[in-house]
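Chain naming follows the written order as A, B, C and D, and within any one chain the residues start at number 1.
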Amino acid sequence: MNKIYPSAEAALEGVLKDGLLVASGGFGLCGIPERLLDAMRDSGVKDLTFASNNAGIDNEGIGKLLRTKQVKKMISSYVGENKEFERQYLAGELEVEFCPQGTLAERMRAGGAGIPGFYTKTGVGTQVAEGKEVKVFGGEEYILEEGIFADLSIIKAWKADETGNVVFRKTARNFNVPAATCGKVCVVEVEEIVPVGSLDPDAIHLPGVFVQRIVVGAPYDKKIEFTTTREREAV
Amino acid sequence: MNKIYPSAEAALEGVLKDGLLVASGGFGLCGIPERLLDAMRDSGVKDLTFASNNAGIDNEGIGKLLRTKQVKKMISSYVGENKEFERQYLAGELEVEFCPQGTLAERMRAGGAGIPGFYTKTGVGTQVAEGKEVKVFGGEEYILEEGIFADLSIIKAWKADETGNVVFRKTARNFNVPAATCGKVCVVEVEEIVPVGSLDPDAIHLPGVFVQRIVVGAPYDKKIEFTTTREREAV
Amino acid sequence: MSEASKGWSRNEMAARAAKELQDGFYVNLGIGIPTLVANYVPKDITVTLQSENGMLGIGPFPYPDEVDPDLINAGKQTISELPHSAYFDSAASFGMIRGGHIDLTVLGAMEVAENGDIANWMIPGKMIKGMGGAMDLVAGVKKIIVVMEHTSKNGDPKFIPACTLPLTGRNVVDMVITDLAVFQRPDHDSPFRLVEMAPGVTAEEIAAKTTAHYVS
Amino acid sequence: MSEASKGWSRNEMAARAAKELQDGFYVNLGIGIPTLVANYVPKDITVTLQSENGMLGIGPFPYPDEVDPDLINAGKQTISELPHSAYFDSAASFGMIRGGHIDLTVLGAMEVAENGDIANWMIPGKMIKGMGGAMDLVAGVKKIIVVMEHTSKNGDPKFIPACTLPLTGRNVVDMVITDLAVFQRPDHDSPFRLVEMAPGVTAEEIAAKTTAHYVS
């Protein structure tokens, strides 16, 4: 069973269709599936809904597909730093469902774990609760949030072995794990494919069962939104 | 902030009380918090409810506290291989709430994640569904299961650093992670405490935020329920 | 009843179930005959076995000097690891199962009903040991194969119009493999169809030993 | 209004918030003034900072040659790792937050109401950027401290009888630290009490600039 594809384009072949619900990993520009987003843009697929914590920035990440108007709707917790997003949103060209960050992560995990709904305190008494069922547990109110069941998951990882076991690096893990689990098909772009047996079985972040297709996206020129540093003390 | 205690007894001091709901890790005899269970038995604390996948065997694991009649109720998925359990259960001395294994794991995780209830297909149309709310999502029935919010979590791990970051070994991880998260206080027994900085930050199974107390339980004489082997081919 | 028919042995039933495996499948095998299925995986395909206590990539039983108490399967037997094995916790494990990421499970049963109900966890009046992960597996795995003797020790049919024992799952079974025959259905709205008989077994014998309605 | 009062600077407000830290606390700090709290952790206690994008044990900003695009905080700034750091995914991260495992969070706000409501994520008619993790934090963390200017740029009170802006959380705030004063309540059923004033600030000035009901 070969899971390795020669290019992002090949890795998406046969799974792209207008109107898809796509779960995407990444936080800001950290750990986003750049190559797969590029390939989706180039494919011309449209009317996409993205469940993704952010919407990229003007010409990075999902921002690239916003620019080409391939995105119909975003399910996100934060969409700052994106002028074209703002323009389309204010013009009514783009639908946005704001979802608290933790609720979004849990909705993806729930979808991946076969849980269609769960109750949370997050958002009780706010706009987020509007239209949602309220239930009392132990005297406190909770709202019902629904699992996200995506058509396609696209994520970015550090390394994968040939069977699809995946590891991430530092805070680039973020939404990539829950996003990976909630799609009917999960395509992973990695920095490196390593031989089977070279990853520690006790330290796999995403077991191969969740991964259908793998593509090497290297070399990466990883973007930073805000570079903050301190000065090295004089020796 | 010192989390390291000199003995299992010391690690449980001040947190034991009759009638506690205790979440315990382990699957069969694999990865069970033996030292902490011994210390609970010796403490004489009683009327305990255990959320634990199994109930140990006759003189191992929770079986030890069954023998001394310190357990009022078990919330478990499977309780075979335990004659004293059977006797007390059939005599009506012990209450048992059977919970499907995956539902039990998810109920613990939910409790730890602040989720008081979630919907699952598991058990729909069975005795497990009796008395539970049924809800339809996408044309299919699901039942509402509640998160477990324990008073105390006791778990067994492989290594911890001094700040409580924990790693497990192979299939001894099992219920230890979800059980750890759902208690007000989590006490961990480990084979070894390692210096801060010796665990890979990308490979922590249970971050220190979940761990209040640590005790070294070594040396361990780990029990096996069914030793199965194959023959080495002749050279 | 034909005393002449031998039907399939336990190993032959397991081998028959193994024919349902496809390259790349992730599979969970129950205890008993289902465990034997691992011995019949076709050589030209790759199948990864999941153990619900937290492992993907179950290896064979260990050599005597490799036995490790921290490495067991869901039947609590010692096992070994493979190069592509991965460990995870029980919540993650059942996330895989409930979430439909496991392609196939093979389970034993006490009763299967013609509507796909299965009963395999308790007998009223007898000591209840619990359902373990069976309810999660039948609710979550994509394809559910039951392997069981065609009749009970008393000769009573086990593939029946409606389960008499408490259910493990409602309308979940896709295929039933017994020592005498194989029944299958394409989806959960269709009736089971008799698709195969063991050598020397006749359609009449199966009909005589089956009270469930099925299509021939 | 007294033009003479200086009140606390941003750093002084952060330092005041830092006094609420206790040894062993796990803490999430919001963007802006809350981030400065990290600079005032008392030397004799250990506090572990959580970043909701998936990290425990946030270190200081990196040296220029250590900048790593895979290592950022929730404000998307580059940070560094500590020997006891741990990484995890976003679902696990918010499990910690929602599950009440984080002891304290310090957040900014546009409005806080006398009943503990907080509004800090949107202004109707203006571009909405989203709530990020703020709703999860105020719902899940054990103690919620708001650090904000006492009045808006127009001089309007921000600690008010009822929020006018869409809420981030209902009845969640435990403590309010402004440039002029500190308000606190022991539980979510009690009113806020004025517990501290900045040097040179009078109770009268605070009363004049606060429309929320509070106990003096």
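By our rule, a residue touches a chain if its C-beta (ideal position, glycine included) is under 8 Å from a C-beta of that chain, and two chains touch if they have at least 3 such contacts.
Computed from a prediction, not measured in an experiment: that's the story for all the values here.
Engineer: Look at all chain centres (mean of CA atoms) and spot the one farthest from the centre of chain A.
Structural biologist: Looking at centroid distances, C is the chain farthest away.
Engineer: So, what's the distance in Å between the C-alpha centres of chain B and chain A?
Structural biologist: Using C-alpha averages as centres, the distance is 32 Å.
Engineer: Between chain B and chain C, what is the separation of their C-alpha centroids in Å?
Structural biologist: Each chain reduced to its C-alpha mean, chain B and chain C end up 28 Å apart.
Engineer: How many angstrom lie between the CA centroids of chain B and chain D, rounded to a whole number?
Structural biologist: Inter-chain centre distance comes to 36 Å.
Engineer: Would you pick out the residues of chain D that each touch at least 2 other chains?
Structural biologist: Residues 81, 87-88, 94-95, 97-98, 139-140 of chain D touch two or more partner chains.
Engineer: For chain A, which residues are shared contacts with two or more other chains?
Structural biologist: Touching at least two other chains: 106, 109, 113-115, 120-121, 168-170, 173, 201-202, 205.
Engineer: What are all the touching pairs of chains?
Structural biologist: Here the touching chain pairs work out to A-B, A-C, A-D, B-C, B-D.
Engineer: In the complex formed with chain C, which residues of chain B make contact?
Structural biologist: Residue list for chain B touching chain C: 27-31, 53, 76-80, 86, 89-90, 96, 98, 100-106, 108-109, 120-128, 158, 168-178, 205, 222-232.
Engineer: Any idea which chain C residues touch chain B in the complex?
Structural biologist: Spelled out, the residues of chain C in touch with chain B are 51-55, 60-64, 67-79, 81, 87-91, 93-95, 97-98, 117, 127-136, 139-140, 166-171.
Engineer: For the complex, which residues does chain B have touching chain D?
Structural biologist: Contacts found on chain B: 1, 109, 111-115, 161-163, 165, 181, 196-197, 201-202, 204, 207-210.
Engineer: Help me check something: in the complex, which residues belonging to chain C touch chain A?
Structural biologist: Contacts found on chain C: 23-24, 26, 45-46, 48, 50, 56-57, 81, 83-88, 94-102, 139-140.
Engineer: Hey, which residues of chain A end up touching chain B in the complex?
Structural biologist: 106, 110, 113-121, 135, 137-138, 142, 146, 167-170, 173, 200-203, 205
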